[in-house]
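Dropping the structures in below, format is structure tokens.
Each of the two complexes below includes chain A, the first together with chain B, the second together with chain C.
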Partner chain A sequence: MVAIPAPPDRQKPVDWLMDKLLSGQGVWPAVPAILILVIVAVIPFVMLLSLGFSDFSVSRGQIIDQTFSMRHLGNVLTDPLYWTTFQRSMSLALSTTAICLLLGYPVAYLFLIGGRWTRRAILIVTIAPLLTSGIVRTYAWLVILGGRGVLNNALLGMGLIDQPLRIVNTHWAVLIGMVQIHLPVMILPLIAVMSRHDRSLEEASANLGASRMGTLRHVILPLSAPGIGTGAALVFTLSYTTFVVPQLLGGGNYLNAATMIYEQVVYSLEWSKASVMSLLLMASCLVVLVGIALVTNHFTRWTRGRQG
Partner chain B sequence: MRLPDRLAIGDLLGTATIVALGLFALFLLVAPSVIVLIISFDTRAFVSFPPQGFTFDWYLRVFEQRVLVEAMLNSLQVGITVTLLCIILGVPTALVCVRGQFRGTTALSIFVLIPHMVPGIVLGVAVLFAAAAIGVSPSIGLQSISITVFVLAVMVRTLMSRLQRMDPALEEAAANLGASPFQTLRTVTFPLLMPAILAGAVFTFIEGFDNISVAIFTHGFRDRPLPVELLALVQTTNTPLVAAVSGVQIVLAIVALILVASSIGLDGVND
Partner chain C sequence: MTLARDLSLASAADAAQVLRIDKVSKRFGTFTVLDDCSIDVSEGEIVTLLGSSGCGKTTLLRCIAGFLTPEKGAILIDGRNTIPVPVNRRPVGVVFQSYALFPHLTVEGNVAYGLKMHGVPRREIARRVADALASVSLRGFETRYPSQLSGGQQQRVAIARVLVLEPRVLLLDEPFNALDAKLRGTMQVELRELIKRLGMTAIFVTHDQEEALTLSDRIAVMRGGRIEQVAPPDEIFDRPATAYVADFIGLSNFIPAEVRDGKVTLPDGQTLATEAQGPVRVMIRPHNLRAIPQGPGPWQGQVRFQRNVGPLIEYTITAGQSDMHVVALRRDRIRPWGEGDAVSLEVIDPEFCKVYPEA
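Right, the complex of A and B next:
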């Protein structure tokens, strides 16, 4: 046997590059992405961390005279204003997540039991809002809930109330807006999990005499635990860290942690406080996410235990 | 006999409640956009419902406002830059993550996916402060690169799930038939990846165009993108003008939806 070596001049540099790319030898095709992520995400985050733990001043948009200090962290942690703000963010985000689950799960259930056209309609209605901007969707709620808005006009017209209800600029407006804006993010993971279900499990459950509710509680619900976990994590993160909805529907006097950071950075230029608050926002968010992951894991393991 | 009856009634009530909640949720998702669309055609100069006339005036006014048109052009520029960067950076990265035959591919994919899980506001603040520290002022460029880092994960994830389901035998066949690696990439791999690239492009473009959490901290002082301009506009005006801008965006969203549906199918959005 004569081995025919590939003529070396045929292997053009371009082909050599492409060959590496296709066969997955070496990490280098990903290097540009890694570099940009390090420069634009990792380094800024490390700097944010260092700013949170230092004294510095800002002059003409530049940071000067940076020295290590725990002062700002201490200030924020001992100021009751920040505690109430974070509490407000937390309770708002948790109730948004709970209501989204309460409204989103039935939609996913409709998707599960629905025919082809029902499924398609649900997907369109769920995905379309994700493609429009959050500001547009929040604006819609200003129109609906406002003093001369759709809801008040309808209630006045029906004679249910004598004077317009004051909804915008209250906690309720923010909550309603939050729920509606983040609902699709809850529904999509639920649908994803449900469409992977083995339908025969439900049929088996029905054949064994379980009612619809029984099947839902003992078969569908445990199997969709991972979807609930993903959806809850996404909705929590988004509603815990958004400033658009509270800013617009809360009328500027409803402060959550995110709106506070926004005002500190853009208006009052308190960058040390903003750094500390951003770090605390992320840390507290992470704690809740880990909690959600643990609970989900617990239920998933429980389901697997029952199955096996 | 009574027990099954009671069960059946309970079952019916339970199902009815769930169906009612589900329909209410679907109504909640659709109603706001529909109301905004209706109001954008109203003839009155203040926002009220139901409308009392029909006119395209507000849409014409949107395009007469120089600030808004410039903001739209800025956002368009950011959206296109973000999309192109995500394709250029994302395709090789996804290939490495899926096909890489070395340790650390999982670590790499996690590293790429993490920035999307960081709250946008934290990333925005971090980039702004880091840029300030080295004396870079916010600009369209800074905004584009920050949003790219934020949404690269979406592109990579879409591509990875497509690559994982792709049959490597097709590329091997091309190579065995004498195609050069470049030809294989051009005639086999890319056409197979195209639907995923298109779907990823739609989502990264929308994020580049609409993102506010990162954009509000990194946009140039003179080059305000549309979301930032809209946020200010919503807080200061009470005319159907904003509704008309929203109307334009809703139409764009419908176009995007059709693009997604015809590229990877609506079910593919979740993968």
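Right, the complex of A and C next:
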């Protein structure tokens, strides 16, 4: 008989913790991530909020005399400038999302029906821009769209226009840049969701008498609803809160919520207003996200009540 | 009486070919998947394409459905070549191996899909969907989604979905693969009865010979893109056209022999007339062999292995160089042979053996 060593009476606390973290039960495996989130996101956010809802004075870099106040929120909500800025942000984000969906969906569809090389090409073209920084891509648009940029030179050379078009520093430049930068974020979830489904569904649809258009409308489109929802939510969130593209392609005079917050923090030192605006930005973003989620849910009722 | 009989005979002859597959060939790159395949299927007939994986059976089915276009040959439905007809206009209904039910549509939505695509009026759709669901006993499941159904129910939805369009030919691609073994048997019988009741013409694809023997009016055994034999199940089993078919369907014993004066001498001394020449292989089914107490006979062996399979006893008997399979019915009064017993073998009915030229 081999003697089995008796289990130690007490585990070391470190072992106990590791055991819990790796056990895969309850919330334990998520604890490290939760800790990091609390430290780097929740605490600073609470501090930021405290600035927005209080009066305070700063002395030698220290906040003193902090008292609760709704004044800043009132100021922001009653000033039409902020309303128009938020409106601009919202319409920019919504049109970016819509254009990304319109341009991205055909690409994802092509990926679905395409051969091996089409698929590879689409993946490369979609993912490659993500490997460069957004700032670099935005500067590239300056080179293309600028007064003596590639586009204007080409149009002038072909004799289509007499004078260079003024694109940079306009709403259009910002929109073009936004769409290009966020397109992959729309295409990738669409591809992921669309290629998850059985290809024989399309064959079944054709066999039952549907044309290509019919199959697209009645089978592929409804089944890609979750992808549309995810893509739209991602693109909306990113473009609603984006800062780099409007700042660079808008030439500093295109104000959206993010660039305005930046100016208030860096130039006008209105931290309280910036704080309130961040809160409003986040809240309005959440409202739209909930809207997207509700619409998506409506179109994906079939995913509920699954067995096994 | 005779008149009625004549009429019925005439109509049987008129039961023209619904589907005619005429010298169809298909290549993928340089690989020939279908090589000169021809089958005629008449009205109300169930034909099974049977073969091991890669024999081209699914490719042939996909050619009939229009998912693939053969390079050569014609596929005629009711006398009209369907090769130029696009997939969504062919009068064929496909039941996919995975069923391919639309997950975002309810049972009712799935069955109504084809009717909607064909622009059938709403009221007629409701009536025909109800009829189709009734024919597969799925009334009451209209509002369920496919993910809420069992495998067998999903299969019935898949069948109702194509039946509702009243296709000329029903194509079923290994429809029982996704079901567990117990359910498979019942569903096979039920499906055959349903197809017969509706008078449908159907092509099944399967690699399971038992399934083919259960379901089919005729079986087409395929091998390497060619059709080896098309015949009713009992003929396929009793008179396999080639050694491959004999080997593929059921268990067989092959014995090398020589033809002399148009006759083959079996190991037990009996002879068998044949038209073959030169070296041949004789196929003897296990149930056409009998193990008897060892006597003076020329064919001696020893029981190597004995297995009880319900009403049957399977023996493996070593005779000379080769192992012979022998199957006997289990009977109360006869004591089965045990392992190691010395026995003599004899062929019960020499006429039942088949002779194939040595490959």
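One rule holds for everything that comes next: the second predicted complex is superposed on the first by the 263 of 308 C-alpha atoms of A that agree within 3 Å, B and C clash if a C-alpha of one lies under 4 Å from a C-alpha of the other, contacts with A are read in each partner's own complex, and residues count from 1 in each chain.
Basically, a contact is a pair of C-beta atoms (placed from the backbone, for glycine too) under 8 Å apart; a residue touches a chain by one contact, two chains touch by 3 or more.
As the structure is a computational prediction, the values presented were derived from the model and not from experiment.
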Original post:
Just chain B (first), just chain C (second), both, or neither: which does A:Ala206 touch?
Top reply: second
**OP:** Pick one for A:His218: touches chain B only (first), chain C only (second), both, or neither.
**Re:** second
Original post:
Does chain B (first) or chain C (second) touch A:Ala283, or do both, or does neither?
Top reply: neither
Subject >> If touched residues of chain A are counted for chain B and for chain C, the larger one >> reply: B
**OP:** Considering only touches as defined above, state whether A:Trp271 meets chain B (first), chain C (second), both or neither.
**Re:** first
**OP:** Figure out whether A:Met158 sits in contact with chain B (first) or chain C (second), or with both, or with neither.
**Re:** neither
Subject >> Doubly contacted chain A residues - partners chain C and chain B >> reply: 211, 214
Original post:
What residues of chain A sit close enough to touch chain B in their complex?
Top reply: 12, 14-16, 18-19, 21-27, 29-30, 32-34, 36-37, 40-41, 43-45, 47-48, 51, 58, 61-63, 102-104, 106-107, 109-110, 120, 122-129, 131-144, 146, 148-150, 153, 179-180, 183-184, 187-189, 191-192, 195, 211-214, 216, 237, 240-244, 247-248, 252, 258, 261-262, 265-266, 271, 274-275, 278, 281-282, 285
Subject >> Touching residues on chain C, where the partner in the complex is chain A >> reply: 65-67, 87-90, 92-94, 96-98, 100-105, 113-114, 116-118, 145, 147-148, 161-162, 165
Subject >> Interfacial residue positions of chain B with respect to chain A in the complex >> reply: 7-8, 10-11, 14-15, 18-26, 28-33, 35-36, 39, 46-50, 88-90, 92-93, 95-102, 104, 108, 111-112, 114-115, 117-123, 125-133, 135, 137, 145-146, 148-149, 152, 171, 180-182, 184-185, 189, 202, 206, 209-210, 212-213, 216-217, 226-227, 230-231, 234-235, 242-243, 245-246, 249-250, 252-254, 256-257, 260, 266-267, 269-271
Original post:
Inside the complex, what are the residues of chain A that reach chain C?
Top reply: 197-198, 200-201, 203-211, 214, 218-219, 222-223, 225, 300, 302-303, 305-307
